[in-house]
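Have a look at this one.
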Amino acid sequence: MKTRVHSDELKQETYKGLEERGITIDAMAEIVYTLQAPYAPELTMETCRDSVHAVLRKREVQHAVLVAVELDKLAEAKALSPVLQRIVETDEGLFGVDETIALGAVNINGSIAVTTFGFLDKAKIGIIKELDTKREDGKVNTFMDDIVCAICANASGRIAHRMRDEEEQKESMVAELDKIRENFKEHIHPYEPLVANPLYEASSCNLSELSLTEEKA
Amino acid sequence: MKTRVHSDELKQETYKGLEERGITIDAMAEIVYTLQAPYAPELTMETCRDSVHAVLRKREVQHAVLVAVELDKLAEAKALSPVLQRIVETDEGLFGVDETIALGAVNINGSIAVTTFGFLDKAKIGIIKELDTKREDGKVNTFMDDIVCAICANASGRIAHRMRDEEEQKESMVAELDKIRENFKEHIHPYEPLVANPLYEASSCNLSELSLTEEKA
Amino acid sequence: MKTRVHSDELKQETYKGLEERGITIDAMAEIVYTLQAPYAPELTMETCRDSVHAVLRKREVQHAVLVAVELDKLAEAKALSPVLQRIVETDEGLFGVDETIALGAVNINGSIAVTTFGFLDKAKIGIIKELDTKREDGKVNTFMDDIVCAICANASGRIAHRMRDEEEQKESMVAELDKIRENFKEHIHPYEPLVANPLYEASSCNLSELSLTEEKA
Amino acid sequence: MKTRVHSDELKQETYKGLEERGITIDAMAEIVYTLQAPYAPELTMETCRDSVHAVLRKREVQHAVLVAVELDKLAEAKALSPVLQRIVETDEGLFGVDETIALGAVNINGSIAVTTFGFLDKAKIGIIKELDTKREDGKVNTFMDDIVCAICANASGRIAHRMRDEEEQKESMVAELDKIRENFKEHIHPYEPLVANPLYEASSCNLSELSLTEEKA
């Protein structure tokens, strides 16, 4: 009897598949950065990379990557049934199963990720553009270009949600500090700078460590 | 250069694929009948069959059938990459790409078809049950059973919409006849039975011919 | 007892709702034209308008329009519960129910319409841009701008499918004519111009009348 | 200027809305238990309740709850526009915006949650059944019953994913222990019972504490 595929194996296969198809984490992180930088001036490539990795830990995304890699490879090897072969090879405009599989992986991040996916699928920037033009040398990326759009849309939506969470955490802490200062105002020297307040520093450190590293439950 | 796949060829390949996988129009029409008969006492198997055929004329459905047939056949031939092979072969419970592809084909009939799809996917009646149990003899129907759910859900939703259209047509005609009778009441003998009214009969004939045969634009 | 809403009434309410919100058929047809013109040099505004009307005949779209109009009007009248009022009024970035309702109306045209929807939702052209900026004068279009994207994406996808059908019809007729000419070549004068062939002209007329006016079943 | 809605406020409003509509966490946890117990003999109501709470922490779900509560309340107060009022009041069979809003909240847990949603929407068990029959006393639950299906489907899908994670953790630990035992077999007395192995006990304790309490990143 075949043993069940362990999640570690599934994850490994996902990364292997992307690598085989020439899709790096950095290439996807760059698209995420382009999408989110206008709304987040302090955004770093590091955060974008982390977000891509977090998306790639999701089972739905891993399964979608595996199926997409498989179908593109089979099409390159001319191993599909004749009719489907021609449809996939030519990236036939009205064929939508590629978008459908990608949408299944993008739905998990809500309707905002779906609209970002749609935008990327038309705007075709960075690696997505490259995948789309490689077609000439016998390469087939019919399924993979949509999956890359999905991964980037997910990672981008995830950052938008996180930024909001972080902003709110900051707001809460500032409000709490204001309350503390108010309660203890007779004990705190009026000219004491805010940054020297050990309470604030502790919270602040805590925040930067927490921020964007652990998933909202 | 490969020529584009003509819609006739696509349609033919769809029917061929279903046949190859042992899925008859009748087997699907029976599920549609089971789903809709409680709401439509006059429903015939003929209407259910017509509805299945109408669903199979949709490009989205045809494309989904082709991909599903392909992946199940490749899995039966042990021709997929090892990890995906094991996932598809065992119809791994958390694998959702099969449902995703089917959902892409069911979304075209609105959210009601989506809920019917979900119900069929769990309730597994008729041919869907058979596809699910055939697995033991080396058969793989991981993708196909979901597609069959999608086709039946679509055909069922389509009948629900049509029945409403038909009911409204009947209501409109009855209302119009009432108006005609009102306008001409001095010319019509008060005890003349409604069924003898040639206007009503003409409309009625017309209705039964129209009903469920042409698509709502 | 309340009587059921007749489809004529539903359709009328849909058009009334769009008019009330200042959204004309022409404004939407223009967006459809902008999207499809690059792929269809012979596309006319008339065809785009027809396609918008065809989309507005779909129950799913009509229902979505009604709910969107209602929620935007309630928000303008400050009649929603305080928390939801603030979310809708400010078109809160992470609120996705507006996109979700629109996606429900766009799914019926397949995954290609979904990606076009996502593109329009970001690119915001024409009337969509106007709806988005009107916000300043107390107007709320949080739900309506997404619905307009959905209608235009549907109408655009519908044209893409139709163009393909028409191209195939032309191809079929040309092939049939070639066969006829082949069979009757001894009876047809070799230099007789193709356009003078009455069979071809008849088919051609037929085609232009048929094209884009009736729904694919 | 109106201030942005803080996530704490959004969460509070979600719980308040459910309470107002008579929907308890326990009523939903019971449905989750019914769905998952056949696959998880050790499942407790506690775990089901935790899973419902985890689902209610998701923004997409919170937003969907708010809109659904609002529309049902407005319909009960006869405050919707006449046509929409009749559609919502009668829970019109072909109206699908209620399912659409719920689907938006269920998509975030993948296609498996979507099929569970479809099943619940038809099977109507527990509180979902109650919501559906309350209609007679002037109550409207057109939107809310679908949202409850969505919450339960999400919570159920979440448990399925967690169970798998936990099973894999157990497998990994058993494998590791086997390796340790193999490496140290000369030092371990052959008849020493496995349960007495302090390493195993430590891991085992650790596992039961971890299980189902923290989110997969």
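Labels for the chains are A, B, C and D, by order of writing; each one numbers its residues from 1.
The rule is short, and it goes like this: a residue touches a chain if its C-beta (ideal position, glycine included) is under 8 Å from a C-beta of that chain, and two chains touch if they have at least 3 such contacts.
No experiment lies behind these values; they were computed from the predicted model shown.
Listed here as common contacts of chain C and chain D: A, B.
Relative to chain D, the chain whose mean Cα position lies farthest away is C. Spacing of chain B relative to chain C, judged by their CA centroids, is 24 angstrom. For this pair, chain A with chain B, the centres built from the Cα atoms lie 37 Å apart. Centre-to-centre, using mean CA coordinates, chain A is 31 Å away from chain C.
Annotation for chain D: residues 59-60, 94, 96-97, 99-100, 103-104, 110-111, 161, 164 touch two or more other chains. Chain B makes touch with chain D in their complex at residues 93-94, 96-97, 99-100, 103, 110-112, 114-119, 121-123, 160-161, 164. Chain D makes touch with chain C in their complex at residues 2-5, 9-10, 13, 59-60, 63-64, 66-67, 69-71, 73-74, 79-81, 83-84, 86-87, 89-90, 92, 94-97, 99-101, 103-105.
Put simply, chain B touches chain C in their complex at residues 6-8, 54, 57, 59-60, 104, 107-111, 161, 164-165, 168, 171, 214-217.
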